[in-house]
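Listed after this line are the structures, all set down as structure tokens.
Shared between the two complexes below is subunit A, which has subunit B as its partner in the first and subunit C in the second.
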Partner chain A sequence: MRSRTRLAPYLFLLPFLVVFGGFFLLPLVQSLGMSVRAYAGPRASRPVGLAHYRFLLVDPLFWVAVLNTASYAALFLLVQVPLSLGLALLLNARRVRGRALFRLAMLLPFLAGNVLAGVLFTVLLAPGSGLVNRAVGMLLPAVGANLNWRTDPVLATVAIVAAVAWLTVGWGMVYLLAALQSVDRQLYEAAAVDGATPWQRFRHVTLPGVRPVLAYLVLVGTIGGLQLFELPYVFLQGLGPRLRGLTVVQYLVIRGFDRGDLGTAAAVGWVLVVLITLAAIPQLRRMRGSQ
Partner chain B sequence: MPRPPASPPPPSYRSAAAKAALYAGLVASAAVALLPLGWMLWAAFTEPDAPGLTLAHFADLFARFPVGRWLANSLFVSAAQTVLVVLTSTLGGFALATYAFPGRRLVVGLMLGTLFLPSQVLLPGLYAVVLRLGWADTFAAVVVPGSVSAFGTFLFMQAMAKVPAELVQAARVDGCSELRVWWEVALPVVRPMVGAYTLLAFVGSWNSYLWPAAVLLDESNYTLAVGLASMVGLPGYEGRSGVLMAATLVAIAPPAGLFLWLQRDFVAGLAAGAVKG
Partner chain C sequence: MSFHLGRPILAMLGVALVGGAAVAIRRPPARPDLEVWTFAQPHADAYAPLLPDVARQLGGGTGHDPSVAVRVIPNNALNVRLVSLLMADRRGSDLPDVVEVRQDAVGRYLGPPAGEIGFLPLNDLLATTGERTIDTPAAAGATGWAARSSADGKVYAHDGSAWRPAPSRPAGDYWIDRVVRARFAPYTKDGQIFGLPHDVHPTALAYRADLFAKAGVDLETPTPGGDFVAWPDFRDRCLRFQAYWRGRGVADRWALDLFAANADVLAALLLQRGVNLVEPDGRVRLTDPATAGTLAFYAGLVAGPGRVSADSVTGGADAWRRDLEAGVVCGVVAPDWRAADLRAAVPGMAGKWRMTRLPKFDPADAPTTTWGGTMVALPRRARDPARAWRLVEALYLSPTGTEAQLRPPLGILPAVPDAWPASPTVAAGDPLFGGQRVARLYADLAPQIPAQHLTPDSAYAVAALGYVLSQAAADLRAGGTAESPAFRQKFTAWLAARQADVERQIAHSRLTAGGEREAGPAR
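== the complex of A and B ==
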């Protein structure tokens, strides 16, 4: 029996270790090796040192991609986190009827994913026939029903942020609602006894109670935001007005798969790793600090 | 509706006005969440400027695109990937949570160190590996790399750490094999998490685009997400909202069905994860 329990964990981990090693760690190392080589095809390459990284540093298009991606990630967080928290607070109110039903409705969009959301918003925002433009045409006849959300840089940005918010707000709300429901109710009673105002209760009881979950949502939102690709790719059908569709991953795809420049694509991947690590460190520190 | 036991008594919405505002906020938010899906249904089943319901968009969709094939491909790929990733994650998580063995710290360290790596950094290297295996344009190239997950294994390692050691020991004394301990003792304890993770894995696989689009080349091998993305830019489909929305409806139905089946587990599983922080 003792030898059995000695061997068992390795057998249970074997499938994970084999696939994780062969299809995660190996390609990861391989990507690093590819980032210092120039490719003329998948099998024809020569070493070029750090040339790809140096090229990225001075390529204005890459900088546009980095700034676009960072600004989208910041906008998503500014929109998603407050909305998720607001909805969770509403749903957490005492004696809300139909809480499960509201939660279900708000959670449904997450099933769609980035590609379907891109298609859905393409149709929803279509000039003339789309629901949004019809509503705008009716409410604001001066503006009319022919706003083109794909060719105006500001409208395109609004559309992409709105689509991501539609996908993710309900998701964040479910996490926050669970955290709100686990806040010790005696703390609220104590605050009430002390004569705390609703704002003081929110600031000193509710907010500390949900802070770890808020930090987690900011972390996941930052990481996800920096990997933005499918939604603008489908919605804008190209780089979009003033290159608003050019994200870091879009840049990687164009380099690697449209032009076969796998070396530069691999270098972009590693720059993305650095960007995400830099953005994640303060969040991870905050999460650890609040535990 | 039964109130959860730990439900706090936050702000009291006692006045009628506050109550009306609360419900107005909730109804408006639910409407915003559902409106795009409602518009999808409406556009899929109606002809612009013509009264009544129609199935013409679906007929058009299935006649012009291999959507049946894409649907079958997606169902196969996502089902296979989900079953495999739930199996490998619960087995691996069980091993890491239940046993003390040399190498355990190394495995946990590797998993944690790679948890937040963007999958896109793998693309060039994974592409090279898959070409070397001769897997270009095969489902194996999509299913196998997604059949394990550091996140999933870590998730079940944490969840199964709560399985009481006495329970495991008692099962062994009763003559259970280690595999039966996993199946009959550990898995039932984390059942809601299994439901939540199954849905998460299926939806993630169903909607994944970049890697399948990179390795599935022939149109008849596309998954639904890849096929659907390829439809949007086709000339002439710009204004064909009905066909696009019919395709979107076909694509969203399977994950929606699974969601309705597993939603109780899903919310409970997410909540368990959230409270831990």
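== the complex of A and C ==
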């Protein structure tokens, strides 16, 4: 009876362990093995040691992908976090009515997903006929309505950042709104009694109150940014102008599926794991500190 | 009823159980006996009416006609799925029996050593099937062709005017001799042919005859001293055309529509000059003088003071159609598939367009080039490659198949020259082009296409060229001039850097190419 009791937790854990082991741990170990082999077709491979990793170190294309990915991740955070916080502050104001409706409306884009966002922005930004270009043409006749957002490197970057912001701002706003609503009202009242200005209340009451959620959003945003793939892939339909559509995951897909070079693709995957870990560790430490 | 974890969890469990049961008991849809995968809906539409006859033909009157289906899968999905299936060493009904692969994706399949490539080498099938037959010595033919007479069983050869008995020829020509030879090159590795060319895609130039005539600019008269229009002269004519319309208040009218952000058209023009960016022996030709010169000239066509191109097509199909209708775009580099796009985009502009040959840089350049294409391949480990080949013959090589391909809306010249003289479509005038026999022009150009070679690194080399093109175009937009030594020096350095990149990629690819055989599929 006692041994059955001791076994029970493990039995409950078993389904998770089977799924985790079979679909996560095993492929992970296999991909590590693949990253040190060269594959030539389905039945031919040979060990090459760290040759794929050494190649990545000297391949400028890989570093373009790393730079693009890092810059997109930074831009996303710079746009998404302040906008999410601003919207959350607006919705948290007492005089706002229909808060649930606004919250739902702003969260909806997040449900659309990257691919739909890519398609949607392709239509919105079409030269001549896209809504955005028409608006630009009306407001700035000198610029005209024929901006080609997919062939100009700067415009392409702006478009991708805008599309990601459209997708994720509402999601961040929901988290921050929940955090704002949990800040103790008495702190605001005390600050007001002490003569704090609105900015001082925001700086010394609101921000510390939502800091853990902000840290979480930055962490998740960084990880998401580093994994960016579908949106530029759909929107730019390729590598884009001056390779602006080349992200680390896109590079991995090119190596693995366009060139059938599974070894290098696996190595890229592992480098990405390292990059994400390096980016996440300081933020996790900061989160722990703020908690 | 109570459930201690709550109703929502109970509901989710219920949905999971019902969904799981539905998936478990659902019978997978029956696979047809023969399945073709294609990325192009127009291909499937053209072949759909032929399928019942093809099935009957494959059934051979036994009463057991195989079921045949053409399945359309979006291009990227098709390639990801096929690469995954081939790398996992799947076989039998997991694989399509026949697959169409778009040419820009072919290189990825040709990376492994020839013996490990996932497609069946077709050399033997091409050399032993499809013997040409003629009913009478009056049948259409061309110089050098050989055919077996269905009347007397003897072999005849065509001398340019008629078929003559040719006892020295052992047999009529087989498919290997009946398909445009240069079109096998992109699908060949180490002498083994891994795909049948679906098309030739000779390339010409379509232009707005009405608007050029109003401007008094002729695009077709050869440049003095030659028998072709030279590119610099052609550009000057385009600038005169634009100046005429600018003088009449039409500022947004461009002679051409060339890509400024990718090198697809530029690579086709380089091919016309005999330049494959990556040659079969691995030589990279980005720093080749012909490449540098052509790039400098092309960049001047798409940007800077000598710009003659609208770059509408990168705005999408709708923007392109609108610009064609509005006369913003007045000329298009047009392989036969793009002429079909043009017909579909502006059917109401009948009679306003005309087709002419491409300009050339040098007398030694080919009179045409080829842009795009489709390879028809048989996965090596599919169910029954012999039967799949008979399907290929019936669907892609037979007179009914080639005519279905030639007819609008597909309008693509097949790679089988026998089909051209016999085709009513080739003989007919094209309404969009004022009755001009456009298909005839393509058929005349088709045998002269340059040989194109594809390697796993070709697509990367084209992307690298596109990168330099966009750098050069940006420089010209910022005030540079294509002829200045400073500009040449800059883009020569850019090309050298990209050449080094591609060479590095190729050197790394050799790691894989030298792979040894080991047991078991890649996982």
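Everything below uses one rule, namely that the second predicted complex is superposed on the first by the 281 of 291 C-alpha atoms of A that agree within 3 Å, B and C clash if a C-alpha of one lies under 4 Å from a C-alpha of the other, contacts with A are read in each partner's own complex, and residues count from 1 in each chain.
Just so we're on the same page, contacts are C-beta pairs under 8 Å (C-beta built on N, C-alpha and C of every residue); 3 or more make two chains touch, one makes a residue touch a chain.
Note that the coordinates shown come from a computational prediction; the quantities given were computed from them, not determined experimentally.
Of the two partner chains, both subunit B and subunit C are touched by A:S129. In the superposed pair of complexes, A:P42 makes contact with subunit B and with subunit C alike. When subunit A is checked against subunit B and against subunit C, the one touching more of its residues turns out to be B. Contacts of A:Q30 after superposition on the shared chain: both subunit B and subunit C are touched. Judged by the touch definition given at the top, the superposed model places A:A74 against neither subunit B nor subunit C. After overlaying the two complexes on the shared chain, residue contacts for A:L57 are found with neither subunit B nor subunit C. Judged by the touch definition given at the top, the superposed model places A:D258 against subunit C, while subunit B stays out of reach. When the shared chain is aligned, subunit B comes close enough to touch A:L90, but subunit C does not.
In the overlay built on the shared chain, the residue A:V174 is in contact with subunit B alone; subunit C does not reach it. Common to the subunit B-facing and subunit C-facing surfaces of subunit A are residues 30, 34, 42, 122, 126, 129, 257, 262-263. Contact residues on subunit A toward subunit C in their complex (touch as defined above): 30, 34, 38-46, 48, 51, 55, 58-61, 122, 126-129, 146, 148, 150-151, 153, 238-239, 241-243, 257-264. Interface residues of subunit B facing subunit A in the complex, by the touch rule stated above, are 1, 4, 6-13, 22, 25-26, 29-30, 32-37, 39-40, 43, 48, 87-89, 91-92, 94-96, 98-99, 101, 103-104, 107, 110, 114, 116-129, 131, 144-145, 147-148, 150, 153, 172, 177-178, 182, 203, 206-207, 209-210, 214, 225, 228-229, 231-233, 238-239, 241, 244-245, 247-248, 251-252, 255-256, 259, 263, 267, 270-271, 273-275, 277. Note for the complex: subunit C touches subunit A at residues 79-80, 83-84, 86-89, 105, 107-109, 111-113, 116-118, 260-262, 311-312, 314-316, 318-319, 322-323, 456, 459, 463, 467, 470-471, 497, 501, 504-505, 508-509, 511-523. Note for the complex: subunit A touches subunit B at residues 1, 4-6, 8-10, 12-13, 15-17, 19-20, 22-35, 42, 86-87, 89-100, 102-116, 118-124, 126, 129-131, 166, 169-170, 174-185, 188-189, 198, 201, 206, 212-213, 216, 223, 226-227, 229-230, 233-234, 237, 249, 252-253, 256-257, 262-263, 265-266, 269-270, 272-273, 276-277, 280, 287, 290-291.
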